[in-house]
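The same chain A turns up in both complexes below, where it pairs with chain B and then with chain C.
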Partner chain A sequence: MKHNHNSETRFRTVCLIILLIFTVLCLAPFVLMFSASITEEDALIKDGYRFFPSQISFATYAFLWAKRETIGRSYLMSIIVTGLGTLTSVIITSMLAYPLARRDFKWRNAFAFIIFFTMMFNGGMTASYIIWTRYFHIKDTFWALLIPNLLMNGMNVLMVRNYYQSSIPDSILEAARVDGASEMMIYRRIILPLSTPVLITISLFTGMAYWNDWTNGLYYITNQKLFTINVYLNNLMKNIQLLASQSSLTEGANLAGLDLPAVGARMAIAMIAVLPVMLIFPFIQGQLIKGVVIGGVKG
Partner chain B sequence: MRQAKGVRKGRGRINYLPLLLMMAPGLIYLIINNYLPIFGITIAFKQLDYTKGILGSPWVGLKNFEFLFKTKDAFIMIRNTLCYNLVFIFVGLVLNLAIAIMMTEIGRLKIAKFIQPAICFPAMVSIIIVAYLVYAFLSSDGFINNSVLKGNEISWYQSPQYWPVILTIVNFWKNTGYGAIIYIASIAGIDKSLYEAAKLDGATKMQQIFKITLPIIRPMIILMLLMSIGRIFSSDFGLFLQVPMDSGVLYPVTQTIDTYVYRSLMVLNNVGMSSAASTFQSVLGFILVLGSNLLVRKFDSESALF
Partner chain C sequence: MNKKVISTLLAAASVITLIGCGSSTTAKTDETAAENSTVQTTEAAAKAASSGEGSVVTFSYPTLVVTPTPEGVAPVEDALNDYLKSIGKNYTVDLNPIDGNNYPTQTDMAIMSNENVGIYCPLAGLSNAVSSNKLLPLDDYLGAELKPVVDLEGDQMLRSGKVDGITYAMPCYKGYILYYYWVVDKDIFDATGFAGNDITDIRSLTPILEKIHEQNPDIAAIAPTLGLNGTGNNYCQLPTMGDPDDYKVTDLGSFLGLIVEGDSTKVENMYETQYFKEACELAYDWNQKGLTIKDASVTTDTPTDTQQAGRAASNIIGYGNSAESVAAFTDNTYAFPISKTMMASNSLVWGIASNCSNPRESADFLSLLYTDEQVINYIIYGTEGDDYVVTGEENGIKTIAYPEGQDMNSVPYTAQLSCGILGNQFIMYAIEGGTSPADISFMKENMDKAVYSPVFGYQIDVTPVSTQASAISNAANQYTGGLLCGELDPKTYIPQLIDAVNAAGMQDVIAVAQDQLDAWKTEQ
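Moving on, here comes the complex of A and B:
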C-alpha cells in the first residue's frame, strides 16, 4: 500500500515537471520578443535577440508613439473591425438559430441542412475571391475586413440552435405567445436574455478570429489606411524580406524610401498586437474551454 | 401525420413570415459567402475572361486540371499537404493525449490553474505573431544564431532541409495545449471509482492509463482522428505561408495546396491553375468528410455529424 502511494506521488511529480517545462517552452518566445522590444538597438544588432536585454531602452515604444498615425490607425482599425464584426455576427447568428430551434417551424430541418452543408463543402478560395472582388467589388473597402468568411459560420449557428433547443422550454414561448407577444418581441425579451452564456462563447471565438485575422487583408486590402494591426505586421515583414532580397543585389539604395522600423521596433509592434489577447485571455479562457468542449463534441 | 397537420392548421396561429425575416440576414450571407463560391467551382472548368464574367466565359473541360497535374508543383504540394498532415494528426494525437493525462494527474494542484491557460495561449495568437516569434529565433541576428550556434551561423530561411522539422515544432508548440482540452474534458467524465478499484487490485499508474483511461475515451479519440482525416487535404495556410516568410528557396518543403492556390491566384495571376487546385482540394475534402463520417457512424452513431 505504501509503495503504491509512493509511486503515485512520483508519477505526479514527473507529470508536474514535464508540464512545467512545456509551460516554459510555450511562454519563452513571448519573453524573447518582449526582451527584444526593450533592448537598445545597437546592442540588439551586436548580440542578437536575447532573453535578457544587455542594455535596456524604451526607445522602440517611443518610436511607436511617434508613428501613432500609421500604427495607431491600424490598431484602431483592428478594434473597430473586431467590435463591429463580433456584434453583427452574434446578432445574425442567433436570429438564424432561433427559428431553427422552434419545434413548430415546419421547414426547420431543410434550413438546418442548408446551414450544415456549408460546413462540409466549400467552393474554395479562388471562387470566393473572384466572387467577392468581381461581383461585389469589395477590394480595398472596409467591408473586405468585415464580411468575407468571418461574419458567420454554420458551426456557431448550430451550436446556438442546440442551446436554444436544450435550455429554453417551449412552455415559456407558448405563454408569451398567448400574451400576444410578437416573434420579434419573444426573441428580444426572452430568447436573447436567456441565451447569454452561449452568445458570450460564440462572441469570444468570433472576436478572437477577427482580431487575429490577416487573410482578408492579404487578399483584399492594398490601401494602407485600411490595414488592421495584423495586416500591418504582415506587410511590414514583406517589406523587410523585399529589402533583404534586394540589398543582396546592388540596388539596395532605392528601397531606403520604405522607412522600415528598426529590428527592436518590429518586435514592439508585434508585442502591442498580442497585448490585448494576453490581457483578456486569462479572464475568458474558462469560457473558451467550455466552448471548445461543446463545439468539439457535436460539430 | 395528417391529423397533426390538421391540428396545426386548426390553430392557425403560426405565421412563418416573422421567422423567415429573422433568418434572412444570415441566409443571405450564407448564399453569398458559401453557396455562390460553390457554383463558382465552374471557374475551374472554364477559361475565365473577366470581361465576360464567370457565366459568359468559355468552357474548357478538364484543361486546367491537365495543365496543373503536368507541373511538378502538383506533386510537391499534394505530397507536402498529406505528409505534414499525417505527422500532425498522429504525433499530435499522442502529444495531446499525453498532455491531457498529465493535466488530469496534476488537476488538483493549484499550479494547474496557471499551466492550463499558459499552454493554451500559443493557440490564441495570430500566425503573423508566430512568424515574428520564429523570426526572433531564426533570423541572422536571431537567438539561435547568436546565442546557441555562436558564429557557426545557419541561414535558416535559405535552408530547406530544416523546415519540415521547424514547421512541425511550430505546429505542436501552437496547438498541443489547446488540442488537449477536448481529451481533458472526456477524461474528467470517467467514473473515479474505476481507478479506486484498480488501485486496490494493485494496478500501476501505467496500467490504469492503458487499461482504463484510453479504452474509455477511445470513441472520442476515433472521432477526433476521423474528423482530422476528413480535413487531410487542407493545411494551416498561415503556418506554411507566414512562418517560412514566403521564402522561395523553401517552397519545395513548404508549398501546400492552400499556399499554391494563393500564390497562383495573387502572385502569378493564373486563375486557371489556382481554381483547379482549389477545386481539387474542395472536392476531395468533401469526399473524405463524407467517408470519414460514414466510418464515425459505424463506430459511434451518437457522434456522427449526420
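Moving on, here comes the complex of A and C:
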C-alpha cells in the first residue's frame, strides 16, 4: 500500500514537472511579446527582447490609441465576423451532422462520403474565386469574410456526427418519440443540450479559424473598412517590411521621414489580437477536452 | 414491338426534355451572367451618364501602409473627372486603390475571372503576365495615345516594357539611379581622424570601421541591411561592387544568382564569380574583426533603426536622393557616397489588362499619368484643401504639406507612398518630409545621365524551369545571408553553396536564360 502511494506520488511529480515545462514553453513567447510591446523602442533594438523590459514605455499603446479609428474598426469587424461566423457555422454543422448520425437515415453514408470528399479535394483557388465573385458577387462585401473556406468544415461535421453516434443512445430518442416529440423538438430539446461539449469544441475551432483568418481578406477585400484585425496587421507588417528593405517599389520615395510603427507597435497589435482568445479560453477549457476526446477518438 | 418503340420514344423524349432543361438552365445562367454584367455596365454607364461622358477607364493601383476608403476616394475621383472633362476627354476614371500586399493576388485573380481591372501594374512580373495573357499589346497606341510617354522616356527605357519585341507596358518614370551611401554618426566619424575623401568605395571602409571599433568597443561599427524575400541580410556589397565603375554586374533577377558581367552578355552563375567571392570575403573580414552586430544575418531591425538606437555606428543604404538630404534624414550623421548604380533592370511597368473594354481611352489615361501634372497629383495626393495644402514653390516644383493637424494616416485620401510606383515622379509635387524639390531635380539629372546595362530590358522568364528555379533560390537562401553577413567562412561555404545550386539544376536554368538572352539580343 505504502509502496503504491509512493509510486503514485512519483508519477504525479514527474507529470507535473513535464507539464510545467510545457506550460513555460507555451507562456514564454507571450510574456516576451508583452514585454516587447512595453519596451522603449530604442532600448528594444539595442538590448533585444527581454523578459523584463530594460526601459518601460507605453508609447506603442499610445500609437495604437492614436490609430484607434482604423484599428478599432478592424477589431470590431473581427469580433462581428467571428461571432456571427461561429454561431452560424455551429448551427448548420450540427444540423447537418444530426441526420448523418441517425441509423435510420438511408443516405447517410452517401452524404458522409460527399462531406469526406471535400476534406480531400477542392476546386482550387482560381475556380473558387470565380464562383464566389462572379456568381455570388461577394467581392468586397461582408459575406466574403464570412463564407468562403470557413463557414463549413468537413472535419467538424464528422466530429459532431461521431459525438452524436457514440454519446447519445438511440433509446433516448425513441423514448422522446413515444412521448410524441417531433423531429425538430428532439433536435432542439434533446440533441443540442446533450452535445454541449462537442459544440463548444467546434465553436472554439471555428472561432479561432475566423479570428486568425487573413486569406479571405487577401483575396476578396479591397475596401479597408472591411479589414479584420488580422488582415490589417498582416498587410501593415508586409508593407513595412517592403518599405524597410531595398525594394524597387520604393526607390526614389523618401521613407526616412515617415513615422511607421516599429517592432514594439507590431508586438502591441499582436498582443491585442490574441487577447480575446486568451480571455475566452479558460472558461471553455473543461468542455473542450471532453468534446475532443469523445468526438474525435471513438467511432 | 410496339412497346419497344414506345419506350424508345419515351426515353428519347425524356432525354430531349433533359437536354431542354439543361440548355434552359445554361441559358438562364448566361442570362444571369448577362444580367450581372449589364448591372455592372449600367452602373458604369449611369456614372458616366451622370457626368455626361462616354466610357469609364478603371485604374487599379497599389497603395502602401494607408489605403484610402471608398469615401475618401469619391471626392478625388469627382475632382479628377471634372478636370478630365475640362481638358476635353470623353471618358471618366474609376480609381481603384488596393493595399500593396493584396495587389498582385487581387489583380491577377480579377483578370482571370474577367473582372474589370483596366490599367494595372503586373507586380508578379511582366513576362509572366504576358505568357498568361493578362496584358494587352500596346503597339497600336504607341504612335498616338502613348506617343507622349514614348517621347518622354526614350526607346532605351521603354525596352523594359517589351516581351518578344512587342510593347506591353510603360515603365514607371522615376529616379531609378541609386547612390549607395555610408551613413555614419558625425561624432564617431570625426573622432577617427579620417576625412571624407578617404572613402572611395566599400573596400575603403575597412580601416575606418576598424578605427571606430577600436575607439567604441561597446557598439558595432556597422549594421547590416535587410534582405528582401529571404535573400538574407547583407552590407549592400553586391549592388555597390556591381556598379559600372567596379565589376559592372547586372543581376538577371528572380533571386536566381544569374548575372552578366561587364559588357558581356554571357550568363554566369554568380556564386562561382570573383565578384561574389570578394563580397563574401569582405564581410567575413569585418565579422572576424568584430566590426558588426552579433545577430547580423537574422536581425529584422532596419539599419537606420539599429543606428539610431545606438547599437551600431553606421550603415550602408541606397537612395536616389543627394548626400546632403540623406545626411539630414537621420540626426547627426554624415552620408558618404560609395557607389552609383546603372540602369540594370526595371520591373515596375504599367499596362492594360487584356479584358479591358476601352483600351484606347485607357491608353490615353495611362499617358496622362506621365504627362499631366494635375492628373498624377490627384492620384498621389488627392484634392487640395482636403488632403493637402500648398506651401510654396521651389525649383519650379510645387511644395505641399498635409493640412494643419493632419498626417498621412488621417487625411481622407493619400497615396503618398505610391509615388515611387506609378507615373512620372518628376511632375509630382514635393510633400513636406518627403522627397525635396532639389532631390527631384537631382534624380532627374541622374536619370538623364544614366549608364545602361548591356542587357537592360531583358527579363528572365523562368516558366520553363520553374521547378529548378525555386529549388535554386531555396538552396541559395540557406547560405547567402550567412555569407554576405560574414558569418560563414567563404572558403568552406561558397563551394558548398555552388554544389547545392548545381544539384538544384543551375545548369538547366543558365542554359534557358542564355537562349532567351541570345534571342532577345537578336531582336534588338
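The rule we apply is simple: the second predicted complex is superposed on the first by the 205 of 299 C-alpha atoms of A that agree within 3 Å, B and C clash if a C-alpha of one lies under 4 Å from a C-alpha of the other, contacts with A are read in each partner's own complex, and residues count from 1 in each chain.
In this text, a residue touches a chain if its C-beta (ideal position, glycine included) is under 8 Å from a C-beta of that chain, and two chains touch if they have at least 3 such contacts.
What you see is a predicted model, and the numbers here were worked out from it, not measured in a lab.
Of the two partner chains, chain B is the only one touched by A:266; chain C is not. When the two complexes are overlaid on their common chain A, residue A:120 makes contact with chain B while staying clear of chain C. By the touch criterion defined above, A:43 reaches chain C but does not reach chain B. Look at A:242: by the touch rule set out above, it reaches chain C but stays clear of chain B. Contacts of A:129 after superposition: both chain B and chain C are touched.
By the touch criterion defined above, A:16 lies against chain B but remains apart from chain C after alignment on the C-alpha atoms of chain A. In the superposition on chain A, contact of A:68 is made with neither chain B nor chain C. Set side by side, chain B and chain C differ in how many residues of chain A they touch, and the one touching more is B.
Contacts of A:222 after superposition: chain C is touched, whereas chain B is not reached.
By the touch criterion stated above, A:184 is placed in contact with chain B alone, chain C being left untouched. Within chain A, the residues touching chain B in one complex and chain C in the other are 44-45, 48, 125-126, 129-130, 134-135, 218-219, 234, 238, 263. Considering their complex, residues 32-33, 36, 62, 64-65, 67-70, 96-102, 105-106, 109-110, 112-115, 174-176, 178, 225-228, 236, 239, 295, 300-302, 304-306, 308-311, 317-321, 325-326, 329-330, 346-348, 407-409, 417, 419-421, 425, 433-436, 439, 443 of chain C touch chain A.
The residues of chain A lying in touch with chain B in their complex are 4, 7-8, 11-12, 15-16, 18-20, 22-23, 25-27, 29-30, 32-33, 36, 44-45, 47-51, 91-93, 95-96, 98-100, 102, 104-107, 111, 114-116, 118-131, 134-136, 147-149, 151-152, 154, 157, 177, 182-184, 187, 208, 211-215, 218-219, 230, 233-234, 237-238, 241, 263, 266-267, 270, 273-274, 277-278, 281-282, 285, 288-289, 292-293, 296-299.
The residues of chain B lying in touch with chain A in their complex are 8, 13-16, 18-20, 22-23, 25-27, 29-30, 32-41, 43-44, 48, 50, 53-54, 99, 101-103, 105-106, 109, 111, 114-122, 124-129, 131-137, 139, 141-143, 145-147, 173, 176-178, 181-182, 185, 199, 202, 204-205, 224, 237-238, 242, 245-247, 258, 261-262, 265-266, 271, 274-275, 277-279, 281-282, 285-286, 289-290, 303, 305-306. Those residues of chain A that touch chain C in the complex are listed here as 41-46, 48, 66-67, 70, 125-126, 129-130, 133-135, 137, 139, 217-219, 221-225, 234-236, 238-240, 242-260, 262-263.
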